[in-house]
Amino acid sequence: MKKIEAIIKPFKLDEVKKALNDIHIEGMTVTEVKGFGRQKGHTELYRGAEYSVDFLPKVKIEVVTSEDMAAKVVDAIQNAAKTGKIGDGKIFVSPVEETVRIRTGEKGKDAL
Amino acid sequence: MFKKIITASMLLAYFIMPMVVMAEEAQAPVGQPAVVAAAQAAPAPPKIDTGDTAWVLVSTALVMLMTPGLALFYGGMVRRKNALGTIMHSFIIVAIISVQWVLWGYSLAFGPDKGGIIGGLEWLGLSGVGLEPNPDYAATIPHQAFMIFQMMFAVITPALITGAFAERMKFSTFFVFTILWATLVYDPICHWVWGIGGWIHNLGALDFAGGTVVHISSGVSALAAALIIGKRKGYMTDIIAPHNLPMTVLGAALLWFGWFGFNAGSALAAGGGLATSAFVVTNTATATAALAWIFAEWVQRGKPTVLGAASGAVAGLVAITPASGFVGPMASIVIGFGAGVLCYMAVSLIKPLLGYDDSLDAFGVHGVGGTWGAIATGLFATTAINSAGANGLFFGNPALVGKQFIAVLASWIYAFVVTFILLKVLDWTMGLRISEEDEVMGLDLTQHGESGYSS
Amino acid sequence: MFKKIITASMLLAYFIMPMVVMAEEAQAPVGQPAVVAAAQAAPAPPKIDTGDTAWVLVSTALVMLMTPGLALFYGGMVRRKNALGTIMHSFIIVAIISVQWVLWGYSLAFGPDKGGIIGGLEWLGLSGVGLEPNPDYAATIPHQAFMIFQMMFAVITPALITGAFAERMKFSTFFVFTILWATLVYDPICHWVWGIGGWIHNLGALDFAGGTVVHISSGVSALAAALIIGKRKGYMTDIIAPHNLPMTVLGAALLWFGWFGFNAGSALAAGGGLATSAFVVTNTATATAALAWIFAEWVQRGKPTVLGAASGAVAGLVAITPASGFVGPMASIVIGFGAGVLCYMAVSLIKPLLGYDDSLDAFGVHGVGGTWGAIATGLFATTAINSAGANGLFFGNPALVGKQFIAVLASWIYAFVVTFILLKVLDWTMGLRISEEDEVMGLDLTQHGESGYSS
Amino acid sequence: MFKKIITASMLLAYFIMPMVVMAEEAQAPVGQPAVVAAAQAAPAPPKIDTGDTAWVLVSTALVMLMTPGLALFYGGMVRRKNALGTIMHSFIIVAIISVQWVLWGYSLAFGPDKGGIIGGLEWLGLSGVGLEPNPDYAATIPHQAFMIFQMMFAVITPALITGAFAERMKFSTFFVFTILWATLVYDPICHWVWGIGGWIHNLGALDFAGGTVVHISSGVSALAAALIIGKRKGYMTDIIAPHNLPMTVLGAALLWFGWFGFNAGSALAAGGGLATSAFVVTNTATATAALAWIFAEWVQRGKPTVLGAASGAVAGLVAITPASGFVGPMASIVIGFGAGVLCYMAVSLIKPLLGYDDSLDAFGVHGVGGTWGAIATGLFATTAINSAGANGLFFGNPALVGKQFIAVLASWIYAFVVTFILLKVLDWTMGLRISEEDEVMGLDLTQHGESGYSS
Amino acid sequence: MKKIEAIIKPFKLDEVKKALNDIHIEGMTVTEVKGFGRQKGHTELYRGAEYSVDFLPKVKIEVVTSEDMAAKVVDAIQNAAKTGKIGDGKIFVSPVEETVRIRTGEKGKDAL
Amino acid sequence: MKKIEAIIKPFKLDEVKKALNDIHIEGMTVTEVKGFGRQKGHTELYRGAEYSVDFLPKVKIEVVTSEDMAAKVVDAIQNAAKTGKIGDGKIFVSPVEETVRIRTGEKGKDAL
């Protein structure tokens, strides 16, 4: 199995979710994260003190899926999350050795 | 860039002008004191009543608090990224209109009548508005007390509109809009209804504390604004949930609290029972409307919501406003019930049907509630409560309904048309709406360079 | 389903009934105006004092604000998922009781006495409660001003109870409970103590602003409620920490602020010094109690907490309430100190020992503080402060302690027993408590379909 | 450990002492009532005016609310981990000073004059401070009403200082500092300026509502505190952003609201127009200052901020305070404009230049704004507004500026020197500052064992 | 070494922590996440507008442990987190190549 | 590629970010987490009820980087995040099989 982790722009979450649903991925886990990268941050002003904030709000989506679906998932996310502007984010794919569904104890693919 | 310079110059002028005037005035030779000072120098006439003055000053403070209350009421309903920008709308309006009113607003609204349409410029910069009573408006309190009580009404009215264009309005344009709207829409309507010589005043239509002047004028302008500025990005497709409903409830509570000053303070005296009566019906209508709104939800959707209770209370406050000095407690229950149900329907059935994005329901609550209240005044008013008022339909005088209807219609048309033109012109010149990218980022960062919340 | 229909019908009846009455009343022929209107039509008697009326109206507004203040005080102490539900309890009670009081509550509490036990139905729907003073209760303000001032007391009292069953009460049952409790517990006790002819009133026990009527009645009912509804899931095992203590402090501050109206307003006049005296002792006792509470914590646990300071302040406000019109500043320090220490002990030592889950310490603060205050009134009261009062033990009159004790005991027993029965009956019929699953999800989502906070 | 015991004993003494006194007093035989009681027993003199008393009591409540307002204003500006600790500073000061004032503070400040420097101990524990008017201070309200109105000024002043040492002060030391500062700095300066016989009072310098007494004394002490306690860890290197700006705006709004009591209440009467005039100029200056501050930002940084609007409003309130009973509306615009611009510059240009960490700008707003207001009073005061006042420079009397300057200078020097010594001594004995590790953890957990927010 | 990642219902966190402590796992890292899966979300109502919220609050527990403990950890979590109702969550096991304790620089098993 | 995950004390985030920038790592993703370990928690007091809170606020930094940079990254983080006191946190290294830049679709090293 593979874990696909994507860091995306927050307002793209809904579209990505829909894209994944379209390819019948019906489980995912989402975390609010802060990203640092090429995309420039913004400045905040408090009583004349200027702070530059370079961590930007991003959303991390994690999907664990079977080997054969992995590429499809990556494509779906990439298409849905893309705006073409800097800061669109990354997708990382890594190996997962085992999966368990807590409710039933099912393992492997059945657990997804 | 060009626009920025224009804006900046306008703002600068806004400050510099009065500065110059004042500097001159302040430096007037002692032997010939400035007009204002002269007026105030006269020995206070014996007619000032300490209890009435205490009541009106307290009421003024209460009404002042309503606008920050509104800031919270609205601020809690927007998304987190727009919390500050939304709060700022109301907060800075307190500042903007306080100055506008002193400089020219009060004079336009209450100054010596010009043809029933507008007040004259005689009272610019409060000249001639002193500490002795002006019996035309209130015989037992200083004229300035009446002036500043009225100021707080002029303050909250444009703030109510901001609910319509929340989460997408450009701050600089909003700033200019507020000054112009107050001058071109509020001040005239206020003169018509409450100014000595105003044509609606002369007509005999009743508006105790601002059903037409405050709620219809702002609510209908809000509708115009919602139509012109267009829907928020993601409206009806994304989840746009209130970011902090406890803040909204606190805002509603401060509105309720302050509204005692708004309505009961409009008696302009503590004695004689009218303030008390207005206080009682205000509270009763508000309570009933809150119950009616959640009851309507309960029936229709299966759950009574907290936002519904707060919204219903505000709807009740709005609707009882014009009637508060003319009706008894039982009528106030009917008015409150009507407000709760009608505004709920406006907001949750009619708005989605028509599809405009009046984001925080400035029209649905103030436009609809204010109209219902103004008409209901024509139904339930009785001279048994206020001998200076009139009887309504249910007390044998159908004519009053007609007058109320004319007042409502005139306010609707005037507010809608002038606001529409004003916003169109501002859209062409300064631009009304922030860029889509800025809308995604939120008002707080893009308009003010701040975050509402950090860790 | 069946229960839902019952609830819905009850609610409907609650609205429809008055609507019908009013509609008829409102349509009464002009020649023969409705009773209410008639009463109000009489020329206002010259006895109304503008300063006194201003003071009582302002005090009414201040006391009204206390209930939303309580909403925040309580709301900050619960977990995030129950924030709105907890706030709603207090907020909607303002609406519920405002209507109940106008329709029948005021009549039961203050209407013409029936055997010392209850007021008659003569003043239903405020008929006969007009704008002229009712010298039985307050000679220098409109009768309706007294009525609405008292309304705010009737409002906050059931709201205090909600702290006991926070985070697990079913909203519909709560709604019905509130109406019944106000009618069956508050209105009678209020009549006993403050109604002309009430038996405790005749006995000569003193309760200036509501030690028995407000705090014992609610605090003891809260104990009954905590016992019947049972502990929250996870009580004493999971971490159940306040989700927003700044909100709680804000609530405490609004309570403190509003309580000036509660206690000093209970003088029902601004002149003569009694309001001032009550104001001073209220503030002094509150301050001392806040210090005493954090001092007790500091000694016992090593750290003074902010929640402790806020809780102590409320405990002081509670305890000085019955005494506020009868004692001097030095006595108020003693009363405040006692309140801080006793309530701290009740809440942090005795409650865990006995093991009941009075979630936000409605009993620990209001029951214990109110009892201490009522007894302390018997100790420290002096006619030097209020000639209409009585001397207490330390001023040579031990008899007063006895009377206070009877008043306390009667209120304890009556409130406990009636509330107990009421809740048992509601538990069998409608069910008091939400399901365990709903408790895990929280009140906000399950009872109201809302989230307090979003992004 | 040793220090803890000392602190504990001091606190204990603080409570026990009065307890003993009171207990004795309370137990005085009925035939010979305690001094306090006796004073109050005298029949209230007919001179009390109900309207004036209502106004002063309401104003007292309003001013009381300002300190919790300040708690929120400051609390929103700190980081989340210090939210409660910062709020606690102001909240507990309400308690500390309320007791200090009743026990000895009022006597030191307003008691019978000793050489123009300090009040005598005659009024310790409010003995002799009864319910009849004291015409020296206010002829138409009970003496205790004047006392408690003044109490609220004594309360807020030390609370203002806490902005300077926010996020790093040890709570126990802060507690002791507050008592000592009130006694050694506030009470004397208050006596100089407002006490009958006070030397600045005799000099003829004007301070209507506390430019020197409240704002310079606290603002300059804040500067001393910032210098002694040193910078916060991470100051100027880490992002130290306000954790909750809506809370700050709410605080500013409550300050604005309460300040009507502060300034207009300082007329100590509702009649005669002075309260009204003070109300009007207070609002006008505040509004102008809010606009001026954001305008300055807009020009200098390109964006108007919400924190700027709130800060500007507070700066305007500060600056108009000493002038509020002596100037007209046009002058108030100039004063407000100056306040907005000067305080903005102090805070955003001068502070970073000099490099001290006055964390929440207690000096930048109150020190600078108060000084500007006191001087401006010397420029714009006119007897046309207040015949009991004096004319200023622009009304032909340059001498007033000199007097104002002396008053300012004396307050600056006295406050700075005494606060400096006091803090140095406390630093050596108890320690001013929490450990670096505690500073990282935050005040809330380390000083109070609480978290402001949980889930 | 293995990383065990479990997505569980928030109110089960305490029980899971205890279960892990019982098998002498004394380090873990917890993140608040939002999950999307078979479990149905809820509806929220704001002024009559109805939103269906399908991201549900979940908690993610991460434990890095030695190969031989991994199975035990999975079992402990599964037992403790199970309610038997839909939405109980998943456990994922993936490889970790290196571990460092920042305080000491210790590596591998010693770092845990 | 490798993913380096570090759990650190929150107030060290800025220093770690700087240390990473110094070795030309210009992308990272940060999550607020709660950690449980050897470091003792604190006690909270509410109306006399005492709760011991043993989850402590930590920050998780995730950096995906090429094999050859991994060791350098680990070192940089360890040095910058170290205070020498208990609770400094851990660094975990795990394999990543693929990386995609959403904006461009670039893969592998180019995507970083």
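Order as written gives the chain letters A, B, C, D, E and F; numbering starts at 1 within each chain.
In the analysis below, a contact is a pair of C-beta atoms (placed from the backbone, for glycine too) under 8 Å apart; a residue touches a chain by one contact, two chains touch by 3 or more.
None of the values given here were measured: they were computed from a predicted structure.
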Neighbouring chains common to chain C and chain F, by label:
D, E
Selected interface, A-B versus B-E, where C-beta contact pairs are more numerous:
B-E
Could you grab the centroid distance between chain A and chain D? Build each centroid from C-alpha atoms only and quote it in angstrom.
52
Whole-Å distance, chain D centre to chain F centre, using C-alpha means?
46
Centre-of-Cα separation between chain E and chain A, whole angstrom
18
Where chain B touches two or more other chains at once, the residues are 49-52, 54-55, 58, 239, 241-242, 244, 250, 301, 303, 305, 307, 448-451
Residue numbers in chain E touching 2 or more other chains?
31, 44-46, 94-95
If you go through all the chains, which pairs of them touch?
A-B, A-D, A-E, A-F, B-C, B-D, B-E, C-D, C-E, C-F, D-F, E-F
Taking the complex as given, what residues does chain F use to touch chain A?
3, 17, 26-31, 64, 94-103, 105, 111-112
Under the definition above, what is the set of chain A residues touching chain B in their complex?
11, 14, 42-46
In the complex formed with chain E, which residues of chain C make contact?
238, 440-441, 445, 448-451
Report the residues of chain F in contact with chain E in the complex, numbered from low to high.
2, 6-8, 31-38, 55, 58, 60, 74, 77-78, 81-95
Residue positions on chain E within touch of chain B in the complex are 44-51, 53
